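Each of the two complexes below includes chain A, the first together with chain B, the second together with chain C.
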Partner chain A sequence: MSKYTSKSGKERFVRTAIYVFLTALCIIWLIPFVYLIFQAFRGESTSMVTYIVPKQWSLVNFQVLFTETNFLKWYGNTFIIALCNAVLQTVIVLCVAYALSRMRFKGRKLLMNIMLVLGMFPGFLSMIATYFILKLFGLTSENSVPGLILIYAASSGMGYYIAKGFFDTIPKSLDEAARIDGASRSRVFFRIIMPMAKPIIIYTIMMAFIAPWGDFMYASLISFGHEQAYNVAVGLYKWLDKEHINSYFTIFCAGGLFVSIPVTALFMALQKYYVEGVTGGAVKG
Partner chain B sequence: MAEVKLTNVKKQYDNGFVAVHDFNLEIKDKEFIVLVGPSGCGKSTTLRMIAGLEDISDGEISIGENVVNDMEPKDRDIAMVFQNYALYPHMSVYENIAFGLRLRKVPNDEVHEKVCHAAEILGITELLGRKPKQLSGGQRQRVAIGRAIVRVPKVFLMDEPLSNLDAKLRNQMRAEIILLREKIQTTFVYVTHDQTEAMTLGDRIVIMKDGYVMQVGTPQELFNHPANLFVAGFIGTPQMNFFDAELKKNGSRYSAYVNGAEVAVPEYINEALAKRDIVPEKITLGVRPENLIICDDNTPNSIKADVKVTEMMGSEIHIHAVYAEGKKIILKVQIADMDDQEQVDLLKRTTLSFTLRERTINLFDSEDGRNLAVENAVPVPKKQETVSVAEEVKDKKKGRKK
Partner chain C sequence: MKKLPELEYLGLPPIKQFGYNFCLFFAELPSNFLKALKKIPAGIWKLLCAIGRFFAEIGSIFKNGDWKTRLSFFIMGFGQFFRHQIGRGIIFLTMEIIFVCFMVFFGFDYLAGMGSLGEVAVEKTLNEFGLEIITYKDNSLKILLYGVLTICFIVGFIGTWVMNVKQNGLAQKLIEKGVRPKAFKDDLKSLADEQYYKTLLAVPLLGIVVFTVIPIFFMILIAFTNYDYSHLPPENLFDWVGLENFRTMLSTDISGSGKFAYTFREILIWTLIWALIATFSNYFLGMFVAICINRKGIKFKKVFRTILVMTIAVPQFVSLLLVSKMFADEGIVNNVLMKLNWITERIGWLSTPDLARIMVLVINLWVGIPYLMLITTGVLMNIPADLYESAKIDGASGIKQFTKITLPYMLFVTGPYLLTSFTANINNFNVIYLLTAGKPKTMAYEGGAGSTDLLITWLYTMTVTNNDYKLAAVVGILVFVVVAVISLIVYNLSPAMKNEEDFQ
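Take a look at the complex of A and B:
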């Protein structure tokens, strides 16, 4: 009897230890976010302080954020870019993935290899070149919103891997059956494959929305010097400059809170599909 | 409802592998053709070329009056049933069946009428509201067939439609396909690797091996007069027995000698041999297991054999034996007329003598495997020389670059 107790006691200990560890990890992960929320509601001063819990709770930071700064403009810019990119990139990625999964054409393997190799280089290597090309078309500075949409959407076909992996798991005979039933290639794609690819569509939309939402590097370069054309990441970051930080820190936190809302909401709403989408490429769907 | 004509059809893949060589066949209107052969013989590829799912490397396929080489599958007016059913998982059974009609912009009333009619023929009316994943294998198969028959296509293609079903269901569905065929008079092309399906369903059977057509004929022709050793071995279970034999002329008639025993050659083979310029001496003699007759040991021209294994199959006994030269043979003995004791005696035998039912023998050229009595018989292909073909393609590509 005692043998069994000792065994289950050991098991219980291990389990407790695991939970303690994970809880600690969660707390550490959550500290910055909690800190951000507290700072956003702090009313006594706008500068950085050494304590976490505000002495005076207030909504004044939000008031300043929406009335006295360009935050709403930036938020709008980011939203437009992310939304357009979500649409464009999803369409492009799914089409590329479907074509590479189903059609056999000359240079298919080569194309896939080139995209794989190109994907190994970080995108910002081409930043300078991209900047000058966009400048040539007049899509920088005050026009950086369409410029950024173009940048994000243009290279999006390269992210076809996961969607292709998903399409590969859908039996080819379904396409063939539909083609014999009288469907053209595009009709097969929209009527047969799309309805079955819901997880991967949602996954692609989320990825396509989130990437430009949080992008700093390209956005700061392309919109350089034009405050009206900033996105949230660039705009908020400017408040962390030496000369701004003491008057804008709490407002920065309030802005940060707002930035995180759409992404968090998106994740929470579509979590189920997201997991399906990520694993869908590997596990037979 | 149309003829299908394949003329010199060839399929070569990009890597140089030739899946189908020079395929010629005329399928008559409303005929049921079965393509059969071991896996990798090119039967499915041929079917897919008729369907338009594979490009044709060379030759011509026509359905009715139209050459369809470059026609999209949707324009060929064909229907196809796939091995894995290929039902659209997000649509109900009703929508699955109606899909083809909807794409053709058939008015709703008509769609409804046709879907219900097809469902009635197949006995799946009560399943119309369900999704494919809620169906059993046999039901899915029926839906797949329903999707094909609802349009009344010119040609009905079936790619191993029964191979995913269990044995009992397969027999049942096979019978249903025969009934179905009477109900919807159209041209059928059916692919299978199962010779029983081929024999029972086909008006004519096309036997293929390594991309070559071995023989085209009615089940009876194939069974009784196989064109070469491959066909002889492929059709019929247990497999046909092959004896090394010598062919000698006694006066005007030929006799074959198996292990010293004389076997008279039937009249029709004699006539065929008389027409030949060269009659080989060393031949292979084929006899089906049921045509080896057990006899007394002292019967003239009998062959002795040692029994290795006996199998009681219920209505017949299979005897695996080895005759003089250590070659394996199988005898199939019908036991309907034997009483229990006789059956037990037969199962316990260790040696036996047998003669050949001379009327049923087939003589094959030992060199190339052709049946000596079948005109225009095709030799059994040697191992395909894929390497040389691949090199040829490479050379061609190089030539183009130059």
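Take a look at the complex of A and C:
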């Protein structure tokens, strides 16, 4: 250890430089959050002001947020969407990944190539048609919560890559041994692969739960004009346009803070699975 | 370009291997392209043969079939009923009934209307009081969408029909041999075992067909119509216009209608620059931060890491919207700087074209560095420490250690991530839309585009704000072409993506 703790002048300089750099970085990264918190607890005036630290601390913004606006409704919508999406998307992704990773059948390569090509179209391109298809089922505007769940879940089959990559690393001999013992494919899936795939299941659930909180593109089109059916992103976005910003800016900050809490908590708790997922299991986080 | 022998190639350091692959790919592009062209006639011939064989098979089933088999060509499931396959028979018969009902009551009208996309949009009649009554008749949009749905239905039905015919042929043959054909019960059992993939894939694929394939097919068709703000159903009809929209978007003369083409080219170039800079600046700076934090002897590692990771967790629409307000003309940044007397005039951080472009790249660093820091930290910790030990003993400097050990290892593990994040950045809607919404607008651009617009945000503006669906569809298709070409190159360059069986 003595090699690393030697206090040569150069080493000390490098270390100081790194500390300064990292501290500066952390300050820059924290500024928006400090600003967000300060604004959320500011008692005077609801518009943007020219100073950072509030003159009067209060909870009035939260009070307005929960009693006078539709925020709780939006929050509920988003929470339901996120929860359903976490379940459905995980099931779908695992099914597709298992089928493509463990089974060999006619048209498998073709199917994978088709999904690859479909994934290259910008998602937004298909939105107009998606909108009209949903409208056909009556799942737009006021019913946009089930509609959004359906869209997110329906297209999630194409995001099977990470889970498939994980399944690919589980030795095939395990399956074969079980098959020789007379287990059917479905038994192998539930009894052997599933218990081993815990990290990737957690990763998929986490990503599927977090994604709907930030979706603006789909939600804004599907729930267009129906305030009751907004998700938090669309609802809060509207508060920052020219007509609303002066009476809603601090309330936006309060809402933003409130949205960040569950997502941040979840992410912080499960971040090691995130790293493992993104690097395809190459790194055990 | 000279091709290196295998051994010599393996002797190169990874970076040079990549460079070699890169050069080789472009050097071989023309010859590969020619090869692919030469394959086309053979491919068509093969396809024709397959089609021929298919019809021959169906024909022979009909010719050799007994009356049960022949009748089930017209009444699906008929043969199955007489061969102790009641379950299968019921399913096929129901499908046929549903299909016929669908076509008679719904599909046929729309299919017939596909050619003209409707004749009369609005009919005005006078009622008995002399007031005008407006009745909406043909709706081009509905005709097109339901037409596409009907086509999908027909394709699905043909598939079922073929399955039905083949099953009958097989069952007849088996009975002639004295073997009892499989019953419905066996089917169910096999769906949990040998054909388990069918069970697993059925629902996900249905979802993909309904909410991805049909919409994309529909939008590709829209690109060949004149569906825009002046042809909005139900008041107006739109019609097929052939390749005119593509001509508008790709024409080379700058004057008049060529402005769209100019806008498209400018935005395409900016999109590519953005994706390139955004991806690589995040990658290297994120790695740099991770290396700093992981350096031996640095304390508070956890604190630094946690603070940075927090920014990932906060939903982007909160942090980005807030940052966009902070950098607004009247925003807090300008106010603070003015109070400190560092500037005398407000700076248009996000409202001056060139500065706005730089700012979105910088703010994107703020978004992206924590992600990369998180990922690369994990990878860095996985690099065997003895590699560095021995490098140190051999007297390698810090920079040398980085270029010879850290970087190759990182590129190897995070290569696929790097490549997918490049294409993801081409379609990075959130950062641009939430920060600037594509603004500042310029007079030089057509179609409501602004100077920070990417193709994807321009697409959004064109559809949601301008209702210019036909050109949006064209832009969407062109985005696909760009992404597809880049992915193809990348796919060819990275061995890790091709050899999926390597690990098994």
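Heads up, the rule we're going with is that the second predicted complex is superposed on the first by the 268 of 285 C-alpha atoms of A that agree within 3 Å, B and C clash if a C-alpha of one lies under 4 Å from a C-alpha of the other, contacts with A are read in each partner's own complex, and residues count from 1 in each chain.
By definition in this document, a contact is a pair of C-beta atoms (placed from the backbone, for glycine too) under 8 Å apart; a residue touches a chain by one contact, two chains touch by 3 or more.
A quick note: this is a predicted structure, and the numbers were derived from the prediction, not measured.
In the overlay built on the shared chain, the residue A:45 is in contact with neither chain B nor chain C.
Touched residues of chain A, counted separately for chain B and chain C, are more numerous for C. Contacts of A:184 after superposition: both chain B and chain C are touched. When the two complexes are overlaid on their common chain A, residue A:192 makes contact with chain B while staying clear of chain C.
Chain A uses residues 171, 184 to touch chain B in one structure and chain C in the other. Across the complex, chain A meets chain B through its residues 171, 173-174, 176-184, 187, 192, 195-196.
In the complex of the two chains, the chain A residues touching chain C come out as 4-5, 11, 15, 18-19, 21-22, 25-26, 28-30, 32-33, 35-36, 48, 50-52, 92, 95-96, 98-99, 103, 105, 111, 115-118, 120-130, 132-133, 150-151, 153-158, 168-169, 171-172, 184-186, 189, 210, 213-214, 216-217, 220-221, 232-233, 236-237, 240, 245, 249, 252-253, 256, 259-260, 263-268, 271, 274-276, 278-280, 282-285. Residues of chain B that touch chain A in their complex: 51-53, 72-74, 78-80, 82-84, 86-90, 99-100, 103-104, 147, 151. Of all the residues in chain C, the ones that touch chain A in their complex are 141-142, 145, 192-197, 199-201, 203-205, 207-208, 210-216, 218-219, 222, 289, 292-293, 295-298, 303-304, 306-319, 321-323, 325-326, 330-332, 335-336, 339, 366, 370, 374-375, 377-379, 381-382, 413-414, 416-417, 423, 427, 429-430, 433-434, 455-456, 459-460, 463-464, 469, 472-473, 476-477, 479-480, 483-484, 487, 500, 503-504.
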